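In what follows, structures are represented as structure tokens.
In what comes next, subunit A is part of two complexes: it sits with subunit B in the first one and with subunit C in the second one.
So, the complex of A and B:
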């Protein structure tokens, strides 16, 4: 499976985790267009913290790759990175590719 | 019928409990919980301040979950490896417990998870268990003190957090969540906590399971007894599978020692199966460990229904264990309230699967719980006697029934509360109260409450009746009229009324009345009061009687100490 598809699958399993914390009518859709942060975002700050922590955990467990989403580079562009599930997938792909290049 | 309303639960913590609140609010298992969080960070202040929103409108429960260093300052100093006398640490634990006990008057139940240290904190491990200087040593003593202190409060329960940590494994503690959100634990800990706390609440609310029905072949032992013969069953001995079956039986026996009834439903020839139970030298369970059995070739669902009727238990009290998935599916479909756990194919997992079920929680253990199987066996003897006599009166006379009437006191409070919260059928008003609430109610001036212990020549049925009065001017209301179905129809009902009316007479009360509050299950109580006419006059759902007319104790009943069981 291509890396981007693996990342998407991993993020969907993150959404499954986060939905356990939310009432059924507030569940996040497993869709790359799902807005996360910013003005139309579905997550509050606590939700974003959980998203970051669970994503890092699952990246290690499911992709076998360490991932850091609390560094200055990520947090300085938080609204862009976390705008939708798709932008987050792209960003994770970029970060993991950079590691490969290095 | 389970109460579908969400139970309001105050959450108090020094750390961010938002994730726990999310899991507990959205968990589909009964009971539904609506969490109301106190502002986190100042647990002591939150416990004291009655004006916080979380304490308004009498929340049903509270979860008070703290880190030890947040509520015991001396332990915080110890974490910095400062010298602190153990006595000072324990004194502060006592002070914290006093706050918890004060708070407990505001709720029906309070749950306090025990204290833990992050498992990554393993520095200086060699001296960790040494007195005064070892952190783990001190924390164990603190938890012990916490549990001992809170045991005295009837409605506070300390739960073992270490169990949740073990389940969560390496993800139990999350420095990332701590620094980002002041959440010390990984989410797996909160999930395990929700599972445990809900199981505890079910027990407190009287929804624990009371009967395990087991199959025989390939469930209680390995092999088909009808084909192989009892001598060739796989059970015990120097064989890993035989050992697992013996351990499974031992686990069932341990459940029985805690008051859970055991019964058998098996498709077999009864004589052959009973011979195996009696003769196999490695059988841990003996015939007298089973409160009943249905061993025949009939449908298991019908056999389970028959057993429930015999033992006077509803499907919500039953767990059914069978190795055969087809039988499990049939029971699940026909009796959805019976708990039918998924059962492993490998017998080596049988004991662990049984012991990991979370449906047997009970907030206290009464004498009645511990002798429940004996009580049911005595009941069989009573039934046998009934078949040999010509009338109900003769049967009652030959039973030599004795009733002990006592007021409510700390020693009978746990069982009385259990009876109050569990009894559905012969229950006039179906009040549900915690131990603290019941004792507080009984101690109020206009109230009187008596408990009744019932015994006969076959044994002691234990504390099985409650009647209470509220005196208002010249009349007395029977508030609680509760009798365990274990002793229904033996004139204990009339004995309870005689007790209360005798008291009313002594006070010069003009009339005594009972207000029947209907529920889905308490029609037997209405039928009983209707059957008392003309001794009680029915006015709608209210039954009234002249308070100055004596109500005699039935002639077959002796009021006094229990006779020797025969």
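So, the complex of A and C:
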């Protein structure tokens, strides 16, 4: 499976985990267009913090790669990185590719 | 959105800048900024305040209180999170997350949290980067009934009966006062105790504290107590001033003060040191130093001060004082168990924090 597809699958499993803690009418859709943070975002501070923590965990477990989403580089562009699930998938892909290149 | 990070040095500059204080919402009050800038455990380049601005207005902030903790012979620098606020209309903008992770990064992941709101606890738990220490088990002892306030808080429509409630309050407290009077005459718990009030830690108190703080996690000393007493975050003031209306956290109370007491018994040697905090009608023992065998006398000293100062509630978190309350037997309206939680980031996981003593004023709790 290509890396981007693996990342998408991983993020969908993150959403499954987050949804367990949310009431049914606030469940996040497993869709790359699902807004996360920003004007139309669906997650409050605790929700976004949880998403970051679970994503880092699952990246290590499911992709076998350590991923840090709380460094200054990511924090300086939170609204771009976490605008939708798709933008997050792209960013993770970029970060993991950089590690490969490095 | 722009996040500005203020170090101690930056805050000193902000204090004399006019622009910093012009925003609709203030990220800090002037007296709190002064306090941050005088923290004896902070270096000039320590980060102490993160502020999120959007269109030149404050939409979030997080204060950080630099401190040191001690475990065996090692000293660790950490920051206590304090005053974490996000403008509700920006709740989904990621402001809270950015502030938290920036604070963690600035302190190499060594962060502590003392007490916290429900929202903050939820966010900290969600981060999976914190572990909770066993909470301090304390007591709230109600010395005066003061039901007027509680009734009016629950049933504001009964405000017209305020006078009547106050009379009933007063009468019932008089009855309790009589009971205490006879109890004091019978037991005379403060017999032989003398006190010295100090506005700054003197040599004798300093030596005494140093002898008794070795098991404490934060090992407060003379510079710390002098700083705390002279730089409160809450001022005694009758009304909300312009700044307190623009600041989300407490900045004033009708009555707020610290009382540093040296306790003596019979001989000229000190047997205890207490730092008491008075906020309105509540007295809290925020730091206490004494030997276990003197717990009953120190309890008597604390009670005596709470009664003389007409406090409604006395809060204790020193387990020795809490344990001696049941034998003390002073008449009171009720005792209620309370707990104070402390969390530390997982960077502390290998450090045996639980072996050390936490006090009721640790973290930022001494200031509220």
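The criterion applied here is as follows: the second predicted complex is superposed on the first by the 102 of 102 C-alpha atoms of A that agree within 3 Å, B and C clash if a C-alpha of one lies under 4 Å from a C-alpha of the other, contacts with A are read in each partner's own complex, and residues count from 1 in each chain.
The rule we apply is simple: a residue touches a chain if its C-beta (ideal position, glycine included) is under 8 Å from a C-beta of that chain, and two chains touch if they have at least 3 such contacts.
Keep in mind the model is a prediction, meaning the values are calculated, not measured.
Aligning the two structures on subunit A places subunit B and subunit C in a clash.
Put simply, more of the residues of subunit A are touched by C, taking subunit B and subunit C as the two choices.
Touch criterion met: A:52 reaches subunit B and subunit C at once. Of the two partner chains, subunit B is the only one that A:17 touches; subunit C does not reach it. When the shared chain is aligned, no partner comes close enough to touch A:5: not subunit B, not subunit C. In the superposition on chain A, A:94 contacts neither subunit B nor subunit C.
In the superposition on chain A, no contact is made by A:60 with either subunit B or subunit C. When both complexes are overlaid on chain A, the residue A:29 reaches neither subunit B nor subunit C. Of the two partner chains placed by superposition, subunit B and subunit C are both touched by A:70.
Once chain A of one complex is fitted onto chain A of the other, the partner contacts of A:82 are limited to subunit C, with no touch recorded for subunit B. Subunit C runs into subunit B after superposition on chain A, and of the options 5-13, 23-31 or 77-85 the stretch responsible is 77-85.
Residue overlap on subunit A between the subunit B contacts of one complex and the subunit C contacts of the other covers 45-46, 49-50, 52-54, 57, 70. On the subunit C side of its complex with subunit A, the touching residues are 1, 3, 86, 91-98, 100-102, 104-105, 119, 122-123, 126-129. Residues 17, 20-24, 45-46, 49-50, 52-54, 56-57, 70 of subunit A touch subunit B in their complex. Put simply, subunit B touches subunit A in their complex at residues 16, 18-19, 22-23, 25-26, 171, 174, 176-177, 180-181, 183, 187, 191. Per the touch definition, subunit A reaches subunit C in the complex via residues 37-39, 41-50, 52-54, 57, 70-72, 75, 78-79, 82.
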